[in-house]
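Next up: the structures, one after another.
Two complexes come next, and they have one chain in common, chain A, joined by chain B in the first and chain C in the second.
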Partner chain A sequence: MTILSIQNLRTQFAMRAADVVAVDDVSIDVEAGECIGIVGESGCGKTTTGLSIMRLLPGNGKVSGGKILLDGKDLALLSEKDMQGVRGNTVALIPQDPMTSLNPVMRIGDQIAEGYLIHRGASKEEARQRALEVLRMVEMPNPEERLNQFPHELSGGLRQRVMIAMALVCEPKVLIADEPTTALDVTIQAQILDILDNLRVELNMAVILITHDMGVIASRTDRVIVMYAGKVVEGADTKTLFTKMHHPYTQALLSSVPKIEDVAGGRLSSIPGLPPDLSKTIVGCRFAPRCAYATDECRENEPPTEIAGEGHTYACFHPTNGFTPVEVQINEARKVVDAVEPLMKVTNLVKEFPIRGSNIFRGSVGKVSAVADVNFEVRKGETFGLVGESGCGKTTIGRLITGLEEVTSGKIEFTHTKTDGLKKGELRRALAQERQMMFQDPYASLDPRKRVGDIIREPLEIQKRLSKTQMNDRVTQLLSEVGLPLAAAERYPHEFSGGQRQRVGLARALALEPSLVIADEPVSALDVSIQAQILNLMQDLQESRGLSYILISHDLAVVRYIAHRIGVMYLGKLVEVGPADEVFSRPFHHYTQGLLNAVPVADVEIARTKRGDQMKGELPSAVNPPTGCRFRTRCPVAAAVCANEEPPMVELSPGHTAACHFPLGGTPVTIGSQDK
Partner chain B sequence: MIGYLFRRLMQGIAVLFGVSFLTFLLPALEKGNVARAVLGNHASPLELKEFLHSHGLDQPFFVQYYHYMIGLFHGNLGTSLNPQTIDEPVSQVIAPYVPRTLWLVLISILFSTVISVVIGLFQGIRRNTIFDHSMTFLVFLLYSFPAFLFSTMTIILFSLTLHWFPPAVDSPTANGWFSPLVQMWNHPNQFVLPLATLTVLGVGGLTRFMRGSILDTMVQDYVRTAKAKGCSPNRVLFRHAFRNAVLPVITILGLSLPALFGGALITEQVFNYPGMGQLTVQATEARDVPVVMGLTLLVTVATVVGNLLADIGIAVADPRIRLTGKR
Partner chain C sequence: MTVIDQRPESSPQASGGDVRGTERMWVQMFRVFLSNKIAVLSALYCIGVVLFCYVGPLFYHSNQTDASSSILYTNLPPQKGFPLGTDYLGFDILGRLMFAGQSSLELGFLAALISLVVGVGYGVLSGYRGGWLDALLMRIVDVMLSIPGLFLLLAVISIWGRSKTLLILVLGLTGWFGDARLLRGEAIALRDREFAQAVRAMGGGSGRIIWRHILPNTVSTMMTVATFALANSILALTSLGFLQLGIPLPETDWGTMIQFGSQNFQIGCWWQIYPVCILFLLLVISFNYIGDAMRDMFEVRLRER
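== the complex of A and B ==
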């Protein structure tokens, strides 16, 4: 039964220069109890589609055409007051960021109960009971206590459970989940998506899952709509879309996703260019400028929507049929890694942050053990990947190596730079030439008032070793190396896209020709197609310059794709280190296994077989970490010895070490199997 | 939360120490001028020397400061140098003036807060309407008027031309803590113009601030969450946005106190109201240094207390502070 039918929806935003049509002629039918995914890059109109249904567009946006039929009634014709009766009652929304989507000054219980009070006319006590009931439905630990807590007392994962509970309180027929797990760790993501799945079946809800993550789409949806520049370019059931896609954009999107199950580090195919500017009139197919198959026909006429089969539609003149076998280019950089010359060594690294008490004199009442006795080395020309859930200490390690934080104890040594006897300023300048950082958020990490050229030049000016002309030459050379036009030097960061800014960030990091670049989530703020461009660029530069990287990321697929060796961190401890392929295919530590199980795979067959067995619980507090093995509280095989004795790091196969009393034995694990 | 407030209190006390030192510093370094100012240009060197000695001004700097601080702890702010109140303790000279200004300032804060929050709120939710634009214009107009001009103009318009309100306040007959309130109650029309002047002084900045705050709040994700729940516009505004928007206003209120005392200085002079402002002007004209120092210290205390009250207000209104003791 079709519960929601969107027909020829058109949504536009009034901008200063012109009206931007963000959603253009979009039609989607949603059946009761089904999960339909909307996927596409940022700016493709997927979120706007969701907000159009709820009529929650920002002030300058409006639905200017089409119908939104809910149970046969057109929502577009409802008065604002009637629409209030629909929101949160028959159609509910789970927004992207649970950290900012809860009212900070209102108790959890009141926030959840509010919808029930409004729509069901319930008494305060009834609404409170209902709030408790839905908190239990979303498997919230200690639900009674939560009712009286405020949002800041909960972790991100728990807050997202609250958001789901809030959306479910009136048992809506349609649930719009807009990137519901993007802000969460993979292990928590898996828990949240499981809850959503179970409740969808239990309540026979239709779920519209808006996401950019192909893995989430593959594992959770029944049907998929692919959007590009405000249009639906392809729609099909999930399996068909992943195997027999017809639109080149779908194909390109899927090829640019790094896949965790890939064994060899093939080069990612990226989509050249950027999506079109929607404030300008577009002639022809919107994807044509970036499409490998585009012809003059595509550039002149807009392709009509064709029907390929049962529920499979696409809009393209030159449909493909599934993946065209792409020539796998074996990644040279990855092969060079036989080089074993150590570049940097970290010994017994410890970082503790004091906690100031709320007592009168704010004395130190404890400490957060952010990094606890970590040892590893990075070799010349290799990429060392650091992975783990947020709060595991991976970013702190990056900051310690870059000198942005001071170590509590332990050593960070570079083979080629002797630091003994150097004065503070000399030390800073010497180490600046050894390691540089590439930051996570390209929007926040570049000074908006400086020209790009000046941003790249600044490290050189601090070193005072080059003449003015030499510095200018260096900037010019760096810009061309990272693939930016020379004119970029005279422009300001806001004139560039996210991907281009990250190129600037990389150029700045390379200005002093460091031997090591610490890249902290370098692509997590970028769309997949752009992400592939940056990752490929990083590899090219590694090859041409013999660079080493420490790649810090929560995205295991990205790390798998680019790293030669991987370190897995859990709650301040390094629990497993080894060659990338081995860590991913034959992990020793149960935590590594758990992480791998939680990663959504962008492949329908694999994704469907690996559901169900997920790591339970959340990361414990680093203030009082568990005794012995820190992972024991979430470990499936924990025994008494794990609580009493901290497992030492042991080499279990050549170059592959793990800290576990009961290692998995290195038996080959195909991704998705659940043998323990 | 107790710890948080205690720390704030300690910081306030540290500020008081700093200010007491600074207020002490000025006359102490200019002691010759002080003597000459009091005794006049024709005083002989011997007279000047005797004056310095009798007032302890010939002692080393830190000895003087020590005596001054000891005096402060005993509530002794020194004695007046004004011929009319010569040798009376400063605290006695100041005491009757304090409640008059205090009530004037408190009541005007109350008025300006209510007015600003209401206007700012409606400007925020009716952004870029004629109402918003005209209020912005009006508020800026009032904001840019100096107090002396505004009060003079209100007198010309409302008392001299229209004869609605008297141009001055009668001299108070009683000196109790609540007698100014009694006087206001009995002669409200005398207080309309001075209170209006002080209120207008506060409204300008606060309204702009409240407007910005509500605009910031209305685009927050949690406001969209509230709308997505099906809350009516009024419910969204008053149950979700309002409390979050008012939080920063509380801080600004605490910070605006010294400006209001400054405003009171002029307003009281114009309306001939014998409050701390008028006393400050008199004491300055009479080169009555100890009284000026005492008044300065008092305004500092008021500022510190105002900020402390703002901190308490925030701690009560914001659970993030209430429970964790820090932001």
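== the complex of A and C ==
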């Protein structure tokens, strides 16, 4: 039964210069109880489609055409007052960011009950009972207690459960989930998606899942709509879409996703160019400028929507026939990195942040153990991946190595730079030649008031080793190395796209020709197609310059794709270090296994079989970390010894170490007093 | 319909693509300013007032200094020879507006400059350094802000007298407390931005971060603060003049004119108060509109759409 039918929806925004049609002629039918995914790059109109259904567009946006039929009633024509009766009642929305979507001064229970009070006219007591009921439905631990808590007392994952509970309180027929797990860690993401799945079946509710993550789409949806530049380019049931897609965009999008089960070292296929500017009139197929198959026909006429089979539609003149796997080119240079010459060594690294009291004398009232006794080395020419959930200390390690934080104790040594006897300023400049940082946020990491040329030149100016002409030559050379036109030097950062800015960031990091680049989530803010461009670029530069990277990321697939060796961190501790292939195929630590289980895979078959068996619970506080093994509170095999004794790092196979009393796929390690 | 099974040969080296060519930042900012009609009007008015005060006397000659010859013409209504009438000393009001305007504008400008420099320096230092220094510096500002500004002015003037230089110093040095707070906030936000951290990572020190990165990024706040500071110091000077603590004779300022005008208003000399009040009021309002437009202008990078 079709519950929601969107027909020829057109939504536009009035901008300063022109009207932007963000959603153009979009038609989607949603059946009761099904999960339909809308996928596409940022700016493709997927969120706007969701907001149009809810009629929650920002002030300058309006639905200018088409119908949104909910049970045969057109939502586009309802008065604002009638629409209020629909929102939260028959159609509900789960917004993206659970941190900012809850009222910080209102109790959880009251916030959940609010919708019930408005739509059901229930008494306070009934609403409270209902709130408790839905909190149980979303598997909230200790629901009675939570009712009286405030949002700041809850972690991100728990807050997202509250958001789901709020959406479910009136048992809506349609639930729109807009990137519901993007802000969460993979382990928590898996928990939340499981809850959504179970509730959908239980309540026979239709779920519209808006996401950019192909892995989430593959594992959770029944049907998928692929959007590009405001249009639906392809729609099919999930399995067909992943195996027999017809639109070149779908194909390109899927092949640019790094896959965790891929052979490491292949080149990702990337989509060249950028999505079109929607404020301009577009003639022909919108994907044509980036499409490998485009002909003159595509550039002149807009392809009509064709039907390929049951529920499978696409809009293309030259459909591809299914997924042609990209030829994996194993990078020879990369394979040879068995080089063992160490470049940088971290020994017994500890970082503690004091928690300051609130009074003026600022006494320290405790400390957060962000990095606790970490040892590892990075070798010349290799990529060392650091993975773990947020709050595990991986970013802190990056900042310590870059010198943005002072170490509490322990040593960071570079093989080629003697740091003894240098003054503070000299030391800072000497180390700047050894390691540079590539930042996460391409928008915040470039000074908006500086030209790109000056941004790249700045490290050279600080070091004062080159003449003016030499500096200019270096800037020119760097720009071409990172694939930017020379004219870029004269432009300001706001004129660049996210991917281009990240290229500028990389060029700046390379200006001093460092031997090590620390890349903290370098692609997490970018779309997959752009992400692939940047990752390929990083690999090319590694090859041509013999660079080493420390790649810090929460995205295991990205790390798997680019890293030679991997370190897994949990709550300030390094729990497993080993060659990338081995860590992913034969992990020793239960935490690594749990992380791998939680990653959604962009392949329907694999995604469906690996469900269940998820890691439970959330990251404990780093103020009072658990005794012994820090992972024991979430570990499936924790025993008494884990609470009493901290497991040491033991080499379990050549070059592959883990800190666990009961490593996977092996006999328990016997050490000291453990034999009881 | 042709079905293509093969992917084409691997695409050439992925390049970052072209950079969108938009106009220069300054051109864009100027355009935003021009789109605000009332601000353009205000700017024209301000330029008009400045020209009136400084260029006006070159074309319109009137006696503003010789009290012995002017005494014959006291309190005359507008008439031939005196388009806006005369004041209680017999000076021509139109000429006097220009003459008083010069000192009001000069004092206002210099005082605003002093308060801007002090306020920006103090605020940025406090915000960037943080910790106990920030706490101390900001408590000092809190204390100063808790004293009504006018009382502070009155106290200083009654102790040290009122020369032009002293007035500038006093107005400038009592006007920066609010600015310091604003700039401190900006500095704190910018200090933790990734681009400031990047400078640290490449071996740069605090001086470079403050001069090259924090200060240029506070320009929008600074410009806004400066326009309001200009309006405020002219306003403060006028209040002083009204309390008969303005610039001493034979010089004068708009506040002093308003003071004497208001006394004679009761005996029907409306021409002594309306022109100066209207001129001054519109000027202060204009500054405020310009300040608003400046703020929009510098936000241009956030909404280039």
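Rule of thumb we're sticking to: the second predicted complex is superposed on the first by the 655 of 676 C-alpha atoms of A that agree within 3 Å, B and C clash if a C-alpha of one lies under 4 Å from a C-alpha of the other, contacts with A are read in each partner's own complex, and residues count from 1 in each chain.
One rule holds for everything that comes next: a contact is a pair of C-beta atoms (placed from the backbone, for glycine too) under 8 Å apart; a residue touches a chain by one contact, two chains touch by 3 or more.
Everything numeric here is computed off the predicted structure, so don't read it as measured data.
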Have a look at where A:L537 lands relative to chain B and chain C in the superposition and call it first, second, both or neither.
-> second
When the two structures are overlaid on chain A, which partner does A:Y492 contact: first (chain B), second (chain C), both, or neither?
-> second
Determine, under the contact definition given at the top, whether A:G85 touches first (chain B), second (chain C), both, or neither.
-> first
If you stack the two complexes on chain A, which partner ends up touching A:N103: first (chain B), second (chain C), both, or neither?
-> first
A:L404 contacts which: chain B (first), chain C (second), both, neither?
-> second
Figure out whether A:E153 sits in contact with chain B (first) or chain C (second), or with both, or with neither.
-> first
What's your read, chain B or chain C touching more residues of chain A?
-> C
Applying the touch criterion given at the start, work out whether A:G115 contacts chain B, chain C, both or neither, answering first, second, both or neither.
-> first
List the residues of chain A that touch chain B in one complex and chain C in the other.
-> 360, 362
Provide the residue numbers of chain C that touch chain A in the complex, in ascending order.
-> 1-8, 10-11, 13-22, 25, 132, 135, 193-195, 197-205, 208, 212-213, 216-217, 219, 301, 303-305
Counting only contacts in the complex, chain A reaches chain C at residues 15-17, 20, 269-270, 272-274, 279, 292-293, 306, 317-321, 324, 326-327, 360, 362, 402-404, 425, 428-429, 431-433, 436-437, 439-441, 444-450, 458-459, 462-463, 482-485, 487-488, 491-492, 494-497, 499-500, 503, 508, 511-512, 533, 536-537
Please name which positions on chain B make contact with chain A in the complex.
-> 1-4, 6-7, 219-222, 224-232, 235, 239-240, 243-244, 247, 317-320, 323-326
Listed in rising order, chain A residues that touch chain B in their complex are 54, 56, 58, 81, 84-89, 92-93, 95, 97, 100-106, 114-115, 118-119, 150, 152-153, 163, 166-167, 356-360, 362
